[in-house]
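Should a chain be cited, it is by its letter among A, B, C and D, assigned in written order, with residues numbered from 1 in that chain.
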Amino acid sequence: MSFNTFGQLFRVTTWGESHGPAIGCVVDGCPPGIELSEADIQPFLDKRRPGQSRFTTQRQEPDQVKILSGVYEGRTTGTPISLLIENTDQRSKDYANIAERYRPGHADVAYDMKYGHRDPRGGGRSSARETAMRVAAGAIARKVLGAEVVIRGAMTALGAHGIDRANWDWAQVDENPFFCPDARAAEAWKTELDAIRKAGSSIGAVLEVVAEGVKPGLGAPLYGKLDADIAAALMSINAVKAVEIGDGFAAAALRGEENADEMRMENGKIKFLSNHAGGILGGIATGQPIVARFAVKPTSSILIPKHSVSADGEEVEVITKGRHDPCVGIRAVPVGEAMLACVLADHMLRHRGQVGN
Amino acid sequence: MSFNTFGQLFRVTTWGESHGPAIGCVVDGCPPGIELSEADIQPFLDKRRPGQSRFTTQRQEPDQVKILSGVYEGRTTGTPISLLIENTDQRSKDYANIAERYRPGHADVAYDMKYGHRDPRGGGRSSARETAMRVAAGAIARKVLGAEVVIRGAMTALGAHGIDRANWDWAQVDENPFFCPDARAAEAWKTELDAIRKAGSSIGAVLEVVAEGVKPGLGAPLYGKLDADIAAALMSINAVKAVEIGDGFAAAALRGEENADEMRMENGKIKFLSNHAGGILGGIATGQPIVARFAVKPTSSILIPKHSVSADGEEVEVITKGRHDPCVGIRAVPVGEAMLACVLADHMLRHRGQVGN
Amino acid sequence: MSFNTFGQLFRVTTWGESHGPAIGCVVDGCPPGIELSEADIQPFLDKRRPGQSRFTTQRQEPDQVKILSGVYEGRTTGTPISLLIENTDQRSKDYANIAERYRPGHADVAYDMKYGHRDPRGGGRSSARETAMRVAAGAIARKVLGAEVVIRGAMTALGAHGIDRANWDWAQVDENPFFCPDARAAEAWKTELDAIRKAGSSIGAVLEVVAEGVKPGLGAPLYGKLDADIAAALMSINAVKAVEIGDGFAAAALRGEENADEMRMENGKIKFLSNHAGGILGGIATGQPIVARFAVKPTSSILIPKHSVSADGEEVEVITKGRHDPCVGIRAVPVGEAMLACVLADHMLRHRGQVGN
Amino acid sequence: MSFNTFGQLFRVTTWGESHGPAIGCVVDGCPPGIELSEADIQPFLDKRRPGQSRFTTQRQEPDQVKILSGVYEGRTTGTPISLLIENTDQRSKDYANIAERYRPGHADVAYDMKYGHRDPRGGGRSSARETAMRVAAGAIARKVLGAEVVIRGAMTALGAHGIDRANWDWAQVDENPFFCPDARAAEAWKTELDAIRKAGSSIGAVLEVVAEGVKPGLGAPLYGKLDADIAAALMSINAVKAVEIGDGFAAAALRGEENADEMRMENGKIKFLSNHAGGILGGIATGQPIVARFAVKPTSSILIPKHSVSADGEEVEVITKGRHDPCVGIRAVPVGEAMLACVLADHMLRHRGQVGN
């Protein structure tokens, strides 16, 4: 049992607080002989890195990852891989009054309810800063999965404003600050988010992650279901409140004949004619693209005053100054991809343990 | 690691196929000294039992549970509790051709992709019959949680037809065959589902489960999040495709000031003024009602012919005769309650292990 | 985490009390497609079965195992295998006063210290009767390992009276009631144990289990060590107080040059010239025979009066009537073999999950 | 499942190679609110530190531990505690030929059999250097257990030369370079080990660890046995080949009436009149001192030439130069204490999760 580890055979244990000396993780169970260096990890961290547009926090962190163990002469050895990122731009004074006043919608109050003692600097352990290590681990997971598995993510709604799926173009995702696959929607979002940011407010988002090339058979009934593990992995990301696979909630409105993904043969292999299931049946991958969506609530740290209480039980108003993302959903795109990669790498190894290669 | 166990300290391991001699489970980690007999479990099984209305499968199973271990003189001993239900109404011939032809939308094909060998009778291990043991384990979980925790569930949409939440009345849930809290909606659903059933079709559903009286502090960052575990637990139920906590997907459309659950003091305790969060912040329970919703896809076994392939790679049309629920979502209500109960019991014990009572 | 499960990928969960209606286990993680029937399991249970000579308890249990799930048309399906043995010869009245008076050396008092409530009939959960399910699971583990792995056990000392290792003959093990590989020692033990039995006393034993044909590479540093898992598995058997691998305690008295197992090449493979290590280096199997020994303390239930206390805190004398083994070590031979088989099957699957087949 | 983590609720994950930039560990599950600083950990590391006498390796490592997370204002927060020690005295050239030639008795060959790729510098991951992190984690475990639990260790035999238990004096343990409780034996050992060291040889040892003040009830049947977990923990230490609890192997030679620890009442509590069981019955602590002994084999790295093979399959002679302990058992004393502390802390938390405080 563990509170800070995810995965069973590909296991990632993260540690570190937003304003401590460093954050890090240990990746245990990575198979031996895989080529790995910091250069394989850094690009994914750079994608998640703060301070790259006016739509993310202005905290400046180079997020340079170091590999401290588990790699020898450029290849993994099968022993645990320790990754470390030093925290450099901690401005703890910004957060001085977080220690005293609970931010509505934030985990501050819940941590105190549980532990009675917490590191309030920048949200401490509950800060989204922890997700940097998920992204780093996800980069290793991609190496484990190999080049045939392609994992991509995109933001599909800013607040109530969704994309037009007819415009979906993966190439657009890297061309705007939202990881948005619809160029037109991205333009509109700039205006919308500027207004929200200037109002000291924040907004939620919907994200989608897709894995193509996943080997049929990964996953397992009944409590090792691939979709159950994806649901937990995405729900464990800060501020996520909902997860769906394939058609998700929309499947509830379908009739059986509409929802059934019909099959035909093609070149001696089963070919599905649709993908309502999002690539998973009975908890097991079918070889179709795995499709998951998740909802991120608006950032809790806002400049608009809200009723709250202090740790001492006094009724207060809270305004949260400091450097915050007006839409934390944006930077959750690489995090969602990373979590999907980690779940798939784990299930690839688990599948081997169950039925061999 | 495990494929057929859920929970960490309150652990439930289920076994059995739809048409084998029996199904069962082992509940390990139940604390000692709790009063327990079959009579505590049977009412929940009766609620899930098939054949009680024209809207569920006509298979007749008394589902009489036996306790084979772990209880002495009417109280639990702390040793594993073995539960067993004999299968009595197996009509395997109904399923003769399931072995050959994959039902679109069903797990048949995925099991063969993974294992190469499966028990096709009635869906074997992938049958919803397994959920009887979840319900039985959930009844024990309720005893562990104690009377102060109240867990209830309801069906809130049949297909695209949702309830009017203004009509919500928990007392109505036991008055109609849908566990529907809105009496008027329930009437309309009867007509709707009759038509679907007669057409040999099926339909999806949305369900909601609520836990009141949960102690603040249960759950944990970051991979022991209460909401992540609830998401996995609900997603692991047969045919579930989506899970949300609190406002769920709707939270994505909110501004920060709308989503924040403000706090005030009341009788020396923190009182929340709203519950967008669904009772969980940062993965930790706040003491508010825990609210989760999940979507169930339409039953895959339908009388309407669909394109498919056989295990031998031949292209075929599939019609599934036999006894099936036109809306599997209905009987998922007690299952969802049970999964929520199991997750909460597990986290109650885990919380003790982390921070004491 | 679990209190009644052993193994990680090949997982065995046992349940049941000595005098309840039945005992059983669930084997999860067994790969699909393996031929399996009750006939593969029963011979090992028969070997452990009580009442076969005057040197074991006179309780008469046919110990007929039933497979309730996980096997279809004679082959495993990859789903959990449920095994059940009914208890038939329960004479609980023999144990009436065990509920009141703690047997010195027995787990009674410890269970009450922990749980405050226990099933005292025949020792309840702490009875060696539970080991029948270990033996059953071990039979499945042997099938997973395949015919190339040969696992055998023997008793090498009755009390202080050890065998002459020069006389070791595996064929003798089935020719005497002690699983003794030294025919001469076995004869002497008959006289010795008869005297002990008639005196109402009991005696300890040393046992040895050996696995040949184990694939090099099984096991793992540092907390997944094969020898650490074997140590835990053997120490978890009732009444076991010590475990050693290879030379064990004797290795402490060696010089480095004596303990080193030298290597030479033979037919293109590494050949070890000795086996002080017992087939394991750094927690990893080298391909040599895996050799483990363990010590079983004397049966606690004896006819010789001993000082004790009652559950109510009264000072009493305890004599334990009923049917007991004068040397529980004897029947621990098939149990030790089974535990070694389970650990090896688990590590075979884990190895696949780490580095592939 | 995990290869580099030990413990269930008090979980320690170690990482790092002998000659990498650093070694470290993550301690997850430490309860909140415990006073903790580097000063609580350093003294135990100093005890294990190399280069303190002529009887341990001359490698000079200050082993200064840093806490990187999980502690705020001097108290634990319940979040993961990351510990790091930089490696400073790496002389990898000493080990140049280890990469090529397998040291008999060493894990080199087994790692290659398993992984095919390893870090050979100083033994890489299989180096006893990893045990520094066990000692650090053990220091935290002691804080979790509290001052009432006293854990001590001693060396009781150097090679075949055991102590006289009548001379046992805990105060002597810190007065000689062997952690020997018998001053007279320690003197003799100096002469003995000097001769061995000068001969370029090495020798094994027997160690004993004792925990006093352990709460009755810790542990659990049947696969969560306290003694099984202690056996695994001690066996997982480098070079350990045997473990025993209480009388251990000697118990096999006892009669039932000799082995039974009789009980009487004293001040309303149960008092045991002897401790053959080593404080554990049925896997559960009885409140008596917990006593475990373990055997450490002689250091594999010696100056005496031995037959071996190279990674390329050539037959070679191996002499291992470099800096090695002539008796690795000595420095295993603080490691054994630490492992016992970790197991007990874990079981204290598990016990809470099972039955409450």
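Operating definition for what follows: a residue touches a chain if its C-beta (ideal position, glycine included) is under 8 Å from a C-beta of that chain, and two chains touch if they have at least 3 such contacts.
Note that this is a predicted model, so its numbers are computed, not measured.
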Result of counting contacting C-beta pairs for B-C and B-D, higher pair: B-C
Over-half contact-pair match to A-C, picked out of the listed pairs C-D, B-D or A-D: B-D
Averaged-CA centre spacing for the pair chain C and chain B, given as whole angstrom: 39
Distance between chain centroids, defined by C-alpha means - chain A, chain B (Å): 26
Averaged-CA centre spacing for the pair chain D and chain B, given as whole angstrom: 46
Numbers and ranges of chain C residues touching at least 2 other chains: 1-5, 8-9, 14, 29, 32, 78-79, 114-116, 125, 221, 350, 353-355
Pairwise touch network: line, ring, star, complete, or other: complete
Chain D residues touching chain C - in the complex, by the definition given at the top: 1-6, 8-9, 14, 102-107, 109-111, 113-116, 125-126, 130, 157, 159-160, 196, 201-206, 216-225, 227-236, 238, 241-249, 251-265, 268, 270, 273, 276-278, 280-287, 295-302, 304, 306-309, 313-315, 329, 350-351, 353-355
Interface residues, chain D side, partner chain B - complex: 1, 9, 29, 31-32, 78-79, 221, 349-350, 352-357
Residue ranges of chain D touching chain A (in the complex, touch as defined): 1-5, 8-9, 11, 13-17, 20-24, 26, 28-29, 32-33, 66, 68-70, 72, 75-82, 114-119, 124-125
